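Common to both upcoming complexes is subunit A, partnered first by subunit B, then by subunit C.
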Partner chain A sequence: MLRSYLKLAWRVLWRRRFFTAISLFGISLTLVVLMVATALLDHTFAPMAPEVRQARTLVIFNATMTGPRSTWRDGAGFQLVDRYARNLANVERVAMISFPEDVFSYPGSTRVQSSLRRADAEYWRILDFDFLEGGPFADQDVRNGSRVAVINAATRDRFFGGAAAVGRWIDADGLRFRVVGVTANVSASRPVSTGDIFVPYTTAKTDAYKTRLLGSFMGILLGRSPADLPGIKAEFASRVAAAPMPDKDYEHLYAAAETYFESVAADTFGQRNDDTTRAERLWIAIVGAALLFLLLPTVNLVNLNVSRIMERASEIGVRKAFGASTGTLVTQFMVENVMLTLLGGVIGFVLSAVVLKAITAAELIEHARLAINARVFLYGLGLSLVFGLLSGVYPAWRMARLNPVAALKGVGR
Partner chain B sequence: MIRHLLRLVWNRRRANALIALELLLSFLVLAAVVTMAVYLLDNYRQPLGFVYEDVWSVRIAMNVIDAPGGEVLPENAPARRAVRLNTLARLVRDMPDVLSVSLVNDAPYSRSSWGSSVAVGGRAYDFSANRASDDFDETMRLTVTRGRWFDASDDGAAWEPVVLNERLATEIFGGQDPVGRTIQPDPPKIGDRRQQPTMRVVGVIRDFRKDGEFSPAASWMFYRSTVGSTTTAPAIGPGVPRYLVVRARPGTAAAFEASLVERLNSNAPDMSFQARPLILARATMLRGDLPILAAYALVAAFLLAMVVLGLTGVLWLNVTQRTREIGLRRAKGATIPDIRHQVLGEVLLLATVAVAAGIVIVAQFPLLDLVATISPGVYATGLLISVACIYFLSIACAWVPSRLATSVPPAEALRYE
Partner chain C sequence: MNTMIQLEGVDKMYRTDRIETVALSSINLEVKPGEFVSVMGPSGCGKSTLLNVIGLLDEPSKGRVQLNGTPVSSYRDAALAKMRNKEIGFIFQTFHLIPDLSVADNVEIPLLYRRMAGAERRRLALAALDRLGLTSRIHHFPSQLSGGQQQRVAIARAIVGCPRILLADEPTGNLDSQMGDEIMHILHSLQKDSGTTIVMVTHDPRLADQTQRIVRLFDGRQVQ
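And now, the complex of A and B:
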């Protein structure tokens, strides 16, 4: 049965090539927009090297202090992580890394801008960096405040023209560091693992950071298993809620151990701890935006489909006259339309790959290597189906309701 | 003619409603993108108010402990910090090729901002605030339109001297000359905040569009930073200047920046410095914004191309289905232009319905104050262009089908009747 539908659908699509082309143009470009957006979201939020243990990782990105007159929101401070995130139950490791800051160096007479991050040694154990040469700095380096640095491949190119860098020196932030390791580049859209130069946090010029509850660090917690994460979140939240305030201007401290997606949701919908539905709301917002974008393409395709049905009124009349049920006709039309959108989806995949390649080549996001992976492919397939069903329902309903007598006469009303 | 068209459109109301809906959605997409484009172009045309060429900005991170609860170490006490910043400014001023040096809270193209407001006579004025030293007008080549920039004569004044931009001056003083006038803030509401000091306007600048060419017009108020003002003993009030801005002689080599940073680093090894030529800071800011705008424009262009092709197809099929009706009309004496006008007229009628509904929807945004920063003029221009585009688009879609409608000889068309 399905085979004959598919055959028929193919015939119909081939008969009116001009209109099929118009439909495919709209369908494939619509899906390109959605697939590129999906690939970008996937690239930002999904697990990806070196964040291979993302499923059991939580991050303390930022913190908020509120008082009757003022609200202060900033990154997590060193003290917040050091005092409240250590020794939590079921946490295997705790690492600390500063938010990237721009530093400028002047090797030769050129200027080089890099993003510098200050880390501890645990950081290298939670994240699985791909070392091109050398290795990470050790606990001892952090304890002693050794001026050593791990740099990425792009920084090696900028300073040493791509030649081996381990053992050589770079200037950054007015200090001189010895390179101990070179890692592969990490996309700028990954706040936990991107960076050009990593140095021990103890090489900071003053100890000012040590007293800060709010500051420029993020804390990374590695749980024993993904199932432990809710418990870790709850314990951290209760510790933070009981924390004494350092300043009389402020009454409450809010900070959460969360995924990056949850952190973005908190930035979008408010940062307080007592609201746990934020991540769901961000999902709804993303799906809502996609549906809103689909509105115009859907109406466009519905219009085309309705017109083409009216054109085929006599064919439908004959089928009805010979006893085809409404259900049969609706199924036939839906199969036709889903086939059309899947065909558009295939073209869409090819075009999306081209667009993603162009975005990668233009370095719009530094070091991003965008591509269609299995996850994005599945999302794209789902999107094509949804689009096909959405744009097929109304025309199919109209077709089923055609009066057979009028249809036979060819009067499509 | 119109009544006739109305009846024809009404008779096929279901199919036409879908076409009108498509035109309405296209109008909304167009209105959003065109209004944004008009808004950005309008911003781009306004003067920046400063000259960014040959200027370096140096962000100074003092690495001091000034967090709530953190103790302030003696070497970081406010007075000491002010003296140290003053020393740094003097060191840079002594460099060859340096024309002018000043200190400021938020440098151009720095992305950081400081919003403030003052209540006068029961009315609140919101503005962007900044604090800069005496030479800032020279360093940034600000256009002072009335009065003067801060100078030594402001030392020890009983009021807080301020410089406004023209927009804020007009908001507070209307058409009157603001120079020498006093701004007396209302006493604070209970538990609200501290009483703001009495201010006196010493001058007016044309503008200071810190975030660059595409940023919206804003009201600005400058306070005086005694830190970095050469003639005075510095004292730190609220807000420590965070940026050193340096104007160098035109054509200064890039190596200047390295020696500038070297000089700062060796004098203050505990501080961190981020030096950028403003040309580069500006380019970075544009590189961040433009791809996003380009992506929006590209998606909108694709949506409209899709609509044009789709509508053409729909109208084409409509016309072929109505061959008999058209044949009958021609047999009864309708001329070729008559038929074409009918096809075009129907589409234009639908476009008018769509545009009317669209304007009702779009008009809610300024009424509900959802787009506060867009001026009514820009909004109206954007809408007018969108309306014109929709009509143009409708005619373009109906053009080929209207030719097609008259290409069938009436006798052949009637044969089917």
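And now, the complex of A and C:
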């Protein structure tokens, strides 16, 4: 029966080519917007190199201190991570890295701007960078404050014209660093792993950062398994809650070990240690926005479908006369509509790939390599199906309920 | 079993906000198995409504309908659909073939709503088309056929599921007299060879005279 439905659907779509073209245009355009948005979200939040252990990784992005008269919100301080995030149960590794800071260099006669990050050696063990040359700096380099640097491929191109860089020197932040490794570029949308120049945090010009609860670092915690993360979050939260305040102006310290997604949710819905539902709320907001965006084209397609099926009232009458139940007819029209939207989905996929390639080529997000991967493909397929079902249910239900006598007379209402 | 179709005290009224129109009033009708009955009367007298009530396409406002000894106790959609599929074949004046389907696919329609493999459906459809002399037209589309050929396809569709009852609503109304005679000949042979019970609505007394019994309606009432 399905084969018969598909055959008929194909013929109907082919016979009404203009209508089909308009429908496909609307469907594919809608899906392009949603799929590009999905690809961007996937590129920002989903696990990908070098963040391959994301499922068991938590990050302390920022912290807040509040008092009766003031609130101070900043990145995590070195001391917050060093004092409260170490020796947590089931944590395999703890790493620290500073937020990117812009530094300037003058190789030859040009001025080059780079983003500099200060890290410890554990950072390279938690993240799985693709080293094109050399390797990461070691614990000893961090202990000794060695002026060594890991740079990305783009920095190698800027400083050395793409030639081998390991062993050569670069100037950054007023200091000279010996390049020990070159990594592949990481997209600017990945705050944990993006950066041009990575140096040991001990090469900072002062030690003042070591005494700060709030500052310019993020802590990265690698759990033994994904199941350990809730326990790690809870233990860290309880330690932070009991932390003595460094300053009499403040009474409370808030900081959370969380995923990047949870951190964005916290930024959106408010930073509180006891609020565990904000990630779900962000999910609902994203899905809600997608459904809201789908609403207008869905209503449009519903109208097109009603008029399209209305023309086939006599067919509905015949099918009913020969034994089709309302349920069977609803299924038939749903199959037709899902087929139309899946066809629109295929066009949408092709167009999305083109748009993503254009965004990548235009470097709208630095070093981003946007593409339709298996995850985005599955989301896109899901969106096409939801779109098809949403826009097909009402017309199919309405038409399948037609009185057969009226339908045979061609009265579609 | 003595009756294939039995209507007892059937009324059919159409109501709108302001008026009530009586389409059928106190209809009592019995049709025996294998009988060929024609229904005649002026336009608007309720002929087609009677056929729709017998064919379970319309629910009577009052009275009882019994088909093949089974009373129609429920007018729920799924139950009616099943009964129509099993017991009844329809032939319409305007053929009502689906333009996007080939001749063979059109004939297969009643079998789509039974649990039947595709190959078996096709075999039965081809057999019905062969019986109507349309073997060479199976891949054609309705628009490629003459009116007479289209009506023969519609008859093949009506008989492919071997229903016990055929309901024909002016089956020759859109055909010239020669084609009309050909269709009548097919209906007669179906009645004789398969013992199919046929109820046919017609305006043409010449065709009605060829049937075993004529039921006459006037203003929704049975006058003969």
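Assume the second predicted complex is superposed on the first by the 413 of 413 C-alpha atoms of A that agree within 3 Å, B and C clash if a C-alpha of one lies under 4 Å from a C-alpha of the other, contacts with A are read in each partner's own complex, and residues count from 1 in each chain.
Just so it is clear, contacts are C-beta pairs under 8 Å (C-beta built on N, C-alpha and C of every residue); 3 or more make two chains touch, one makes a residue touch a chain.
The structure presented is a predicted model; accordingly, all values stated were derived computationally and were not measured.
Partners subunit B and subunit C, once the complexes are superposed on subunit A, both fit on it without clashing.
Vertex at the C-alpha centre of subunit A, arms toward the centres of subunit B and subunit C: the angle is 100 degrees, rounded to a multiple of 10. Once chain A of one complex is fitted onto chain A of the other, the partner contacts of A:322 are limited to subunit C, with no touch recorded for subunit B. Once chain A of one complex is fitted onto chain A of the other, the partner contacts of A:174 are limited to subunit B, with no touch recorded for subunit C. In the superposed model, A:256 makes contact with neither subunit B nor subunit C. By the document's definition of touching, of the two partners only subunit B reaches A:30; subunit C does not. In the superposed model, B is the one of subunit B and subunit C that contacts more residues of subunit A.
With the two structures overlaid on their shared chain A, subunit B and subunit C come no closer than 13 Å at the level of C-alpha atoms. Of the residues of subunit A, not a single one touches subunit B in one of the two structures and subunit C in the other. On the side of subunit A, the complex with subunit C involves touching residues 1, 3-4, 7-8, 11-12, 15, 314-315, 317-328, 404-405, 408. By the touch criterion stated above, subunit C contacts subunit A in their complex at residues 52, 55, 57-58, 77-78, 81-82, 84-86, 88-90, 92, 96, 98-101, 105, 108-110, 112-114, 118, 157, 161. Note for the complex: subunit A touches subunit B at residues 18-19, 22, 25-26, 29-30, 33, 65, 68-69, 72, 77, 101-104, 106, 109-111, 173-174, 204-206, 208, 211-215, 246-247, 249-250, 295-297, 299-304, 306-308, 310-311, 364, 412-413.
Across the complex, subunit B meets subunit A through its residues 12, 15, 18-19, 21-22, 25-26, 29, 63-65, 67-71, 191, 193, 254-255, 257-258, 261, 265, 269-276, 291, 299, 302-303, 305-307, 309-314, 317-318, 320-321.
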